[in-house]
Structure formats: structure tokens, C-alpha cells
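For reference, chains read A, B and C in written order, and residue numbers begin at 1 within each chain.
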Amino acid sequence: MKPVIKTQNLCKWYGNVLGLSDVTLQIEPGITGILGPNGAGKSTFLKLISGQIKPNIGTVSIKEEKIRNNYLLFSIIGFCPEQDSFYGEMTGWQFISSLLRLHHLSPLEIESKAKKTLEIVELIEDKDRVIKSYSRGMRQRLKFAQAIAHEPEIMILDEPLNGLDPLGRRKIIRLIKSYKEEGKTIIVSSHVLPEIEAMTKKIILIHQGKIFAQGDIHYIRDLIETHPHMIYIKCSNPRVLASKFINEDFILNVDFTSEEDSVIVKTKDRDKFFSLLPALFIENNIEVKEITSPDDNLQSVFDYLIGK
Amino acid sequence: MPIREKGYTHWDGEFQPKKFFWWPITRYGIKLTFKKKFFKFVFFMTLVPAVVYLAGIYVSERLDDFSFMIRESAPLLQVNPVFFKSYFTSEFLLFMIVIIMLFCGAGLISDDLKYNSLQLYFSRPITKKDYFIGKSAVIVFFLSILTLIPGLIFIVMKLIFSGSFKFLASYPWLPFSVIGYSAFLTCFFAFYTLFLSSVNKNRRYVSILIFGLYVFSDILFGIFFGIFGKQYFALLSIKVNLQQVGACLFGQKTPYHVPWFYSVLIITGICVLAVSVLKKKIKGVEIIK
Amino acid sequence: MNPDERGKLRYFLNSTRYVFAFFFSLGKRARKTKVLYLVSFLPVLMSMVIKFTQIFYDRQFIEGIYIFSNMIMTFYLQFLILILALFFGTSVCSEELEGKTLTYLTTRPVPKSSIILGKYAAYTSLTILMTVTGVVFSFLILNVNDLLNLSIYKILFRDAAVLCLGIICYTSFFTFIGTFLKKSIMFGLIFCFGWENVIQYFPGSTQRFAIAHYLKSLLPAASPGGRFSFLLFRLEPTTPAVAIAMLLLITTVFITLACIVFSLKEYIFED
């Protein structure tokens, strides 16, 4: 797929503080998660690719065009900022429709898009209330609404799920995933790992202004050869199972948990281990209840990469 | 003795009431003010008249040595209550105090309202009174340096340069006048600034209000006085009211033929209004309907 | 102008128009605007007090037109429009930065210069509305005895036009100041009540470095003495045509500079 957003040697300093260092990326259509702790450089990166700030070194292009001061590109870009700031004396409806007006849409289009967007984010009943009377969750949904109201092709969302309740988060995640099906490009940043995991497998890990890893989460995990894979097996006879593979050279550690029917295995070659397991189960008549990889998730990948 | 499994243990002793709960608020406010660009320059400029007056006190004790410079100005260098009154009620000093208020006072409460910090304050063991004292102490600090301290230094230096207590014997009430007028000015500007700072979350707006109201009251007086020629319109001007009280406290004739206690009433009225507004505005939770 | 350029110009003007509508309707509703409306009506209150006092108490009759031209107009010219222009002018950019709402505007398909122009136009319109309403009411109250004399309305239109020019010019200057200075209020107050006042007492061409000079050149030379000494200054007026041209030039230059600075400068929110 042709990349939509390209960055080349992107660097940004805030005085003496390094915001972002030498970031070269290509982002394709679909959902890309930008992950990192607070202060990693996620917001800096999103502000650079949305033209809010200019890089000290490097270039950013969206659809082969430079973003900085290229206002026409914003007709296909929707940006959801991190800050919880609004024109407090406006109502929700006025806010969305006034911003839509800046997209040079006709009054009829504005009305229909504003209504549709507020229905999507479930703010249609509160549309005539002033924004400063909204709760935190409502304001966050409104912020998300202004980013999607004009049906942009590219969405840049900086921590869009902040302040939302679990139900609200699920709805927004489902919505973002539906945009992916429509072929849109969505870049989502978060420091909450399960959120990103729920949305996408394509991630970019940022820490201290640098890209630590980029790609599919499983692929990244497999690349981390220094750290063995952990596999949790719940079965009818874990000790018998363990005795069968303990001599294999790719098994590094076997841990029996406090639960009597499970074992945690550390292996340096997950594929070999998984190819061995089914035969062992059948030969020894062991009933399998559960097999999971506790560290095949973003938290573990992230912890490994930043050395925690 | 039971084995303590948890780190926290309940405090069984008495809670000792602490004095000066408001001190951290004041200390932080003063630190923040000094961090502002140009504040030190403006503050230094405001102290220039004090330095000039101090030089005047020195010269007044050595009139013969400086006679080639001062000539006919010698009567002006008489260090007496008029001298003190002219320093304390000078238009420059009052104007610069308003400018200092823009630096140190405009954001005192408006920034707390903007960033919703009042909840943070009142979830600590401080009362509204402590909060108010802490904030006003920032203003008291700076105004004391501009009024009380120079006034007392003038008296002390006069005594030192003259080498006798004759000056104090002639005007034994002068130190009390200095303290009284400094306290009066400081109280007024503290109430005035905090009142306007609590009116809006936007610091720029508050700065314009603080400055604008002061200048507007003077212009209003100028216009009505110009049309009607009645001296009572002087009560419209904040600056003139302060000067009236100053003249009275230093035992001088008031600039306008209006009883000085009317000016005291006006100033007190503004302070009372300020207190009532502050009581309403300073609360932990803001309810938006 | 080729069709492409015409299209760009039309797009630019439409963008400016939409931004103007956005901020005009927002500004109309804002609480601070309502408060400033009240402030701009203070001269009306003053006029009512003056007229009331004149009618019921004063033996010496001063013509309403004299009070309006020498006192009320001076109040507007040397105080009120400065304060309003300073507040609204600096708000064009500073308000967005302080409120962290700038992102909502700069992520729309509108040129950055039309954001500045549109908002400047909206705030200038609001200020003019506030001021002219107050001026008209003050005039009518002070000249209630002479309302049928049509010749006095010439003075009203002239003075209102001068105030409008002043607002347009000062607001453009403060808009420019607001785009590149953080402490724009301090600078603005020093400019308004320091520079603009002091420079007028200087002889020769130095006066021409103040906007107030050109505004006062459009009004008949006021020479109040005695009690009005605070109004006294040495005006060496410029011809009205040159004064208007200079005011328009100053406005154009500063608003253009504001647009350029806003387009090129990077604004980072303070966390």
C-alpha cells in the first residue's frame, strides 16, 4: 500500500529539550498506534505531522505534499488535540457547525454532518447546552466529534480516549475500527496499552523522543530475541507434561504456579515449542484447558524495549 | 506488640495547630513574581524616587556644601512632614504601584480560577482566610518595600545624618504616620487587586481592569470637575482619595476642600465591596448551570 | 488576474468571512463583551448625570456640544478606545494561545492570514458597535435641547467616524503586538498611556509618531485651559486627507505584519 504520511529525519527541540530525534517513518492507510509513556514525544510527533509546529530538521509530507502552511490539506485531515480546551460559551452544536463552516461547506451540508456527528458521539441531546457545562467525557467526545465531522480521509488523534468511561471507550474504538474498513488512515496516540492493542496491531513505539520499534506487535515481539517467550499452560497434568519437554535445549525455564493445574514455560524458540506440544498432549493423554502467552502483548514488549 | 504488616500506622497523638498556614502561598507568589520578565526592572524604577529622596535627606544636612547646586531650591529640601507627604502621595509612586500590581497581583486569583486550583487549595488544611491572607501577603510584601521601608529608612537616616533626635522630637507622630499610611495604601491595593483578580479567569482582562479602573476614576473626576468646578468630585478619583488621606495623616492641608474622612469612607467602601465579592468567588467548587 | 488567482482570492475572502462570522457570533455572546458594553456606556451615564445636574442644579449653562466635543470625545479618544482596542486587539492571537483553542483553527482548510483578518474584523466590528452606540446616546442626551438643529449631527458623524478610524487603527496595531509578544498587555499599556500621551507634547515631527496625533488632526483643535490642563497639548496638526491616509496606511501595515508573523511563527502552548 502506498504510504500516506512520510517523515524523513524528523527532529524537534524545545530549547535544550529534545522532543523528537531522527524519526523516519512511512504510515500507510489503516490504524497506526503511537505508543509511549508521558513525555516520550507522541504529541510532538502528531503536532509535527499535522503541521502545528515546524521541525528543526527533516521533512513531513502528507500525500506527497508538505504539510506546513498548506491549509488545503486540512480538508482531508481531522485532528483531535490532547488539550481539554474549548470555546466554553458556545454550545456543542454551535461549536461543531461553526468549525464545519470553516471547511467551506454549504449550510445544508453543515447541518446534516453536524447532526450525524453528534449522534455518533451521543451528544445530540446535549447539543444546545454550553460546553462549559459538559462533563469531562462529554468534552472528550465533542473533541473527537470536531475531528471527524467533515469526514476526513486522514485522522490524527492525540489520546482520543482520555476521560471516557469504559463504554465510551469501546464505542470510540469500534468507530475507529470502522473507519479503517473504509480505507481511511488513522493515527492514534496513547500511553494506555490495552487501548492501542484493542484497535490495531500496527504500532510505533516512542520513548525519549526516539522510535524504539515499528511494525506488527507480534513481529516486534519475535524480534526481541534477548528475551524468552513465556507460555502459560493450564492442563490436567502439568508436571507430567513438563517432564516430557524439560530436556529440550530451547526450554529455558519451567515454573509451577500456585494453581495446581498450570505451568509457565520460558522458551527461546516459540515455534519449536508449539510444534512439539500437540504430540505431547496426545501421547500422554493430557487434557488442555488453556494456553496463552502472557508476554505477547504490548506491555511486555514495551517493558522489554525500554529496559524495565 | 502486633507485627505491623503495613507501612502506614494511624497517628494517635494530638494534631498541633500550625501558625502561618498561608506562608507557602505567599512564598510561592513572591517567587513567581520575581521570575517575571521586566518585573525587576520596573520594581527598581519604582524605587528610584526613594533613592532620590534619600539623597535629598543627605543634602539637607549639608546644605552649605551643596549650596552651589541647590541655590533657591534649599527650602524644598526641608525634611519635614511635607517632605514625607510628597513622597508617599506622589503621582509617580501611586502610578507605579498600580503597575507593580499588574505584575504581582493580576494573576493571584485569576490564575487559580483558570486552572481550577481552588479545589487543590481547599482540599488542604487551609481555610478561606488563610488563602486570602496568603495571597494578600504577596502584595503586602512588595508594597511594604515601596512604602513602609523607605519611609522608616528616611526617618532613621535623617536621625543619623543630623546626629540628634531633634527631628523626632519635633515630629514624634511621624513614624506612626508613615506606618499608618503605608498600611492604608497596602490594605487598599491588596483588596482592590484581589477583588479584580477574582472577577475573571483571564489575566489580561484583569490587568486591563486594574489599570483601567484606576485611570478611569481620575479621568471621571477631571471631566466632572472641569464641567461643574465642584471639589467634591475629587471623591470619584481613587488617586485623589489616597492623596487626601495621605495629606491628613501627615498633618498637611488636603489637596481639595473635601473632608478627608469622606475619602476614608470611599476607600473603605471599596474594600468592603472587595471582601464581599471575594467571599462569593473563592470557593472550592464552581457550579455551572 | 487569471482565473486561478481569482479563485484563490475568492477562497481567501470566503475563509475570512467564515472566520469573521465565527468570532463575531462568539464575541457577541461572550460575558466579557457584555461587561465591556457596560464600560463603553459609562460616558452615557456621565452624560445623563451632567445633563440632569445642569437641568436641575446648574446656573451656568454649558452647551451640550461643547461638553460632548471637549470632554466626552476626549474620554473616548484618550481612554476608552485605547482600552477596548488593547483588549480586543491583543485577544486576536493571545486568547487562542491562552485558551489553547488555536489548534481548532489552524487545522481547518483556511489560510492563517484569514484567521487573523477574520478575527480582527470581528473584534473591530464589535468594538465599533460598542463605541458608536455609546457616542450616539451620549450625544443625544447632551444635546437633548437641540435635537432639531440638524447642523449638530455633522459633528456627531465626524466624531463617530474619527473614533471608528481610531479603533480600526489601534486594534490593528495591537493585533500585531499580540501575535509576537507574550506580554502584550504591558507593552500596550505603556504605549497607550505612556508613548501616545507623552509624544504629543513634543514639538515638530515627533508628534507624527503617535496614532493619536492623526486622530486629533481630524478634530477641531481643542484648546481648553485652566481646569482642563490635563487635556492641553501642542498639536501641530496634519491635514485631514494626509491624516486619514496615514491611519489607513498604519492599519494596513500592521494587519499585514500580523498576518505574516502569525503565518510564520510557531506557537507552542504552555503546559
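One rule holds in what follows: a contact is a pair of C-beta atoms (placed from the backbone, for glycine too) under 8 Å apart; a residue touches a chain by one contact, two chains touch by 3 or more.
Please read all numbers here as calculations on a predicted model, not as lab measurements.
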item: Innermost chain, where centres are averages of C-alpha coordinates; value: C
item: Farthest-lying chain, centroid of Cα atoms versus that of subunit A; value: B
item: Centre distance in Å when subunit B and subunit C are each reduced to the mean of their C-alpha atoms; value: 32
item: Separation of subunit A from subunit C, taking each centre as the mean of its C-alpha atoms, in whole Å; value: 49
item: Whole-Å separation of chain centres (CA-atom averages), subunit A against subunit B; value: 54
item: Contact set on subunit A toward subunit C in their complex; value: 14, 50-54, 69, 71-75, 77-79, 81, 83, 85-87, 89-90, 94, 98-99, 101-104, 146
item: Residue ranges of subunit C touching subunit B (in the complex, touch as defined); value: 32, 39, 42, 46, 49-50, 53, 58, 62, 67, 71-72, 75, 78-79, 83, 86-87, 90-91, 94-95, 98, 183-186, 189, 193, 224, 227-228, 230
item: Touch list for subunit C against partner subunit A, complex; value: 11, 14-15, 18-19, 21-22, 25-26, 29-31, 99-101, 103-112, 263, 266, 268-269
item: Complex contacts: residues of subunit B adjacent to subunit C; value: 37-38, 99, 102, 200, 202-205, 207-208, 211-212, 215-216, 219-220, 222-229
